[in-house]
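Two complexes follow with subunit A in common, the first pairing it with subunit B and the second with subunit C.
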Partner chain A sequence: MTAIIDMNDFSITYAGERGPVPAVRGVNLTLEKGRILGLVGESGSGKSSLVSAMLALLPKSAKVSGRLSIGADDLYALSEAQRRAMRGQRLATVSQDPFTALNPVIRIGAQLVEFQHRLKGISRSQKLERAREMLARVGISDPGTRLTQYPHQLSGGLRQRVAIAAALLVNPSILIADEPTTALDATTEAEVIEIIRELRGAVDGSIVFVTHDMGVVARLCDDVAVMYAGELVESGPVAEVLERPQHPYTRALLACDPARIETPSRSLPTIPGTVPSPHALPAGCIFSPRCGAVIDICRSVRPAFLPSDQSRVACHRTEAS
Partner chain B sequence: MISYVLRQVGLSVGVLVSAIIILFSLIYLVPGDPATIALGPRASEQQKIVFRQSMGLDQPVPVQAFHFVSKLATGDLGTDLLTRQPVLRLVGAALPKTVTLALTGLGWALLLGVPMGCISAMRPDSMTDRLIGLVSTSVVALPSFLLAIYLLIAFAVTLRWLPAMGAGEPGDIGDQIQHLILPAFAVGLGWVGYIARLVRASLLETLQENHVRTYRAFGVSDTRIAMRYALPIAMIPVVAVIGVGLGNLLSGAVLVEVVFSRPGLGSLAHDAVTTRNSPVLVGTVLVTTLLYIAANLSTDILSALLDPRLRKEA
Partner chain C sequence: MIPLLEVNDLVVRYPAGSLFGALKGEPRKVTVLAGVSLKLNQGETLGLVGESGSGKTTLGRAIGGMTPMSSGSITLAGVGATGRKDGFWKEMRRNVGFMFQDPMAALDPRMLLSASITEPLAVTGTGRAERRRLSVDLLREVGLSPDFAARYPHQISGGQARRVTVARALALRPRLVIADEPTAGLDLSVQGELLNLLNTIQADSGVSFLFITHNLAVARHVTDRIAVMYLGRIVETARTADIFARPAHPYTRALLSTHSTDTSAGLLKGEVPSLRRRPGGCEFHTRCPIAADRCRSEAPNERAVATDHLVRCHFPLVPASEATEQAPLNHQPVVRSLA
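Then we have the complex of A and B:
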């Protein structure tokens, strides 16, 4: 087993106007080669920051600590130039919004050629041919015509397929899909997920799939990591975490998934309270103010992220049992 | 693209017809007797009657309107009251000089303003950006005719580096260029700052867009992203604003022409006003309107070339 992503006590802090904002704190996460990781969390859970960190795309105001390794390289021990050299070669991404991810005034073909700029020794027409083949592989009909079109002439689903094709063109060792289906309607979402499932063999590495939809995780992913308010609260194999969730937040999240509710009710279940602001984090466990199973120690001591069965969980209750 | 261009040309023709109607109405809505204004208060009644007959002012208004439009349609803009030359010839001689001045002014403003805006946007809030911002806002506030007067005093009168008056000997390109330098500088300087600020703001906004992040995620260099992929988008609103501002640029050119005694539409209109030479004035106003419409039409077409999304609506 070779770890393709390895994070050790990894934190991201932004310089904010009201002082430093600790957006991601002490994340320990490993992703092995060939697996699909579902990164789950609400808005503001820090998953987008973590994705930017994996892509070496953090803004200048961000400071990182701890270690984030891509393969054998400690990403944040490298120079900025070395990090940039990894983008578009070992790292590729499919962004959240297919409607704005492509340049509106450049033809699809020219954009797909530009994305292959790291590939040396092949001509422009060969790159265009590779692009045409890749569009066909992601299920786009008449790929030759698509190459001559502008993004606004394509539907959202088609544009997201183009974005997936773009990411696959560079043969990345890590493909990061940042909520690639959130902006799409349900039918198109299902199609896009099906394409990623079919093409997972084409990625000579691993896929990180960011989502807030547990149903997508169940259909697509091998592993799952659950984030809450900037911390990783539970991670493990999908079957294990979804069947036997150990962290109260994971359980609450699963209970809120409409697809898992067996008896129909008038209102959807919600988790009481709100995500704490990074300016006013609670002492002890980050989830303690909203947790139904809170005990005294939760309010004073931060739980360690410890192995439990096949998963890892940050909860005093599992530690105690 | 062709249908888009045809539609824009059609719209322009509509604007031109409306402009002619408004121009005609203005001439006849202005209070006062044209004959008295043209001949002066000491003219005899007999002279005024002869004048009205020769100008067709004794005809009913609809007939006058018909004559006005039908003469326009054949390219007849009337005759100069003083020299008896056809107005069309006068305007035709003045037009290229004014267009040259305005385009040279805009051209060098673009050549300097666009790179300044790009440098600013690539390093926002750096010392360079602040310096460019300071220079830009300073020159924006400077009216071109005032600048023209100072340039004239400094470089033509005191230093005697460049000629002060006229447009240069006909046929002598070198001399004409020498005569163009100071007026074009005066016309363009304010625009350098204006364009630099516009490009900076527009490029900064474009660089925030999601597709820029996509290109960064694929490891494309920041300079290449800015110049090849963001600048063409950032220029779309800049081109639109410049198109609207061309009227402003023309009036700046007209004033600068008067200061430098340069032949052109400005001098023509200025002389026509001071000598109450109404056919020449009407001719220059009409041609200026035409110029303005042509400028807006080229702006629309240029915008469509930059932005494929505009071409979609047929």
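Then we have the complex of A and C:
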């Protein structure tokens, strides 16, 4: 198996008014070719920063350390121009909001041709034909007509499918879908997820699916990585992590999901406390102030991210057992 | 028992379309709610579920008198309204609290939270000092410390903003709170806290909730009954447990299957039809997996398939012997009133 994404002690720090903001700290994560990774975390977990880093879209104020490799290339050892070239060819994204991802005043066909501007040696009409084929592949009926339409003439679900088609047109080795279904209805969401599952073969590489919905992870992904307050706390195969979560945060998060609670209840579980501010991070384990299984060492020593069964977990309690 | 809220054959139409369209024979009005009837008891939570464009929000707004109704009637706590008669609405609105969809947009960025929370009290002529005192009480009720009274919306988090809108909804001590997607966009752990808060408030005060959501997983835990909406009609109403255990309408079944890992029940194909070009017959037939000829020509009446379980379908998914066609209650069949 070849690793498409390989992160080694990767950190992102933003320059803030009140001093540096360590948004992502020491992430170790490997994604192998052909797999779908679910990146899970609540607000402030750093998942959006991590995704921006994978897409080489971090703002100038961000400093990175550690290594983030895409295939054989160390992304942040490349020049800005080389990174930008990767973005149009090997990295593609489907964003959260299908309503702003497309230009409202340009026809769908012209936009889909424009997405392919880095593909050399084929004519405009060939590009248009590729666009038409791709629209058909994402399940859009009458693709010829759609090419001549404007985004406002399409429903949200259709627009998100156009966005997926656009991303796939460049034959990316990584497709990053950043909560692509949050703006959609349940029935449309199910459709979009089905399309991504069917088209996974069309991506000659891997898919990273950012979500906060564990149900989506279970239906779509092979691997899952759970982030909390800027750190990766647990990663592993979906079946393993969802069935036998090892980190107390993963457990708490799964326990909170109303869809996973069998008996209807008027008193739903919550995680006491709040996510720490990046300006006032606790010593030791990042989750220790809210953890129900906390022991002394948790408050002073940051746990290492170690293999445990088929997963990797950052928790002192797992190491002890 | 007299229900707290009774909505009868409520129709809401908006003017729409162009003169050019009218010349081509297109309707000049779009029917957003096509004859909705529902009942809600004191202390009960009714979940209103459906996709975007199904009319959930419009129904909530119409009940609060924020969207003028075209026909039908609304009765709340014994006070009825049939049109735009202001006297009725003024009396009714005292009994209704609102939680709007986007809490940040619902709070005036230049108003202190204490002023926002107690703004509904302006109608009762409550003095300024009294209002400030009440705002602290309300904040405490929703689990926020009194110093939030002197803050502005940009100084609080999304979860806290939700709590503030709960406090404002309670300011008039209403008997009904209409909560429009109260947990949309919240993290799972915060969502649980807010739902628990709403449940505690209901247990303490006996307030009723009209809970508008598209999240069935949440609705399963916090509602007593569920009404499923499609294209401005209620297609199925039942006790929450029955909706999940024995969904009778094919649309309800499709909605439920989107949340399970088992998608064998089949995903819905196609798009929601446009409100301006409503399909004939049963309006769901264009996407229905079991549609037959009858569905394309004849609109189904509401019928009872079990106690408190109403469905608008020719072929409800329950044993046929149990299904008995029910005569329309006290109004004409909806289809005819639209013609």
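Simple rule for what comes next: the second predicted complex is superposed on the first by the 320 of 321 C-alpha atoms of A that agree within 3 Å, B and C clash if a C-alpha of one lies under 4 Å from a C-alpha of the other, contacts with A are read in each partner's own complex, and residues count from 1 in each chain.
Throughout what follows, contacts are C-beta pairs under 8 Å (C-beta built on N, C-alpha and C of every residue); 3 or more make two chains touch, one makes a residue touch a chain.
Because the structure is predicted, anything quoted here is derived from the model rather than measured.
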{"item": "Touching partner for A:L91 - first (subunit B), second (subunit C), both, neither", "value": "first"}
{"item": "Partner chain(s) touched by A:M7 [first = subunit B, second = subunit C, both, neither]", "value": "neither"}
{"item": "First, second, both or neither for A:P264, with subunit B first and subunit C second", "value": "second"}
{"item": "Contacts of A:L55 with subunit B and subunit C, given as first, second, both or neither", "value": "first"}
{"item": "Which of subunit B and subunit C A:S155 touches, first, second, both or neither", "value": "second"}
{"item": "Contacts of A:V27 with subunit B and subunit C, given as first, second, both or neither", "value": "neither"}
{"item": "Touching partner for A:C256 - first (subunit B), second (subunit C), both, neither", "value": "second"}
{"item": "Those residues of subunit A which subunit B touches in one complex and subunit C touches in the other", "value": "none"}
{"item": "Residue numbers on subunit A that touch subunit C, as the complex places them", "value": "42-43, 155-158, 185-191, 194, 212, 215, 218-219, 252-253, 256-259, 261, 264-271"}
{"item": "Touching residues on subunit A, where the partner in the complex is subunit B", "value": "55, 57, 84-89, 91-93, 95, 97, 100-106, 114-115, 117-118, 150, 152-153, 163, 166, 170"}
{"item": "Interface residues, subunit C side, partner subunit A - complex", "value": "51-52, 158, 187-193, 195-196, 199, 214-218, 220-222, 240-241, 254-255, 257-259, 261, 263, 267-268, 271-272"}
{"item": "Parts of subunit B lying in touch with subunit A, wherever the complex brings them together", "value": "209-211, 213-221, 229, 232-233, 236, 306-309, 312"}
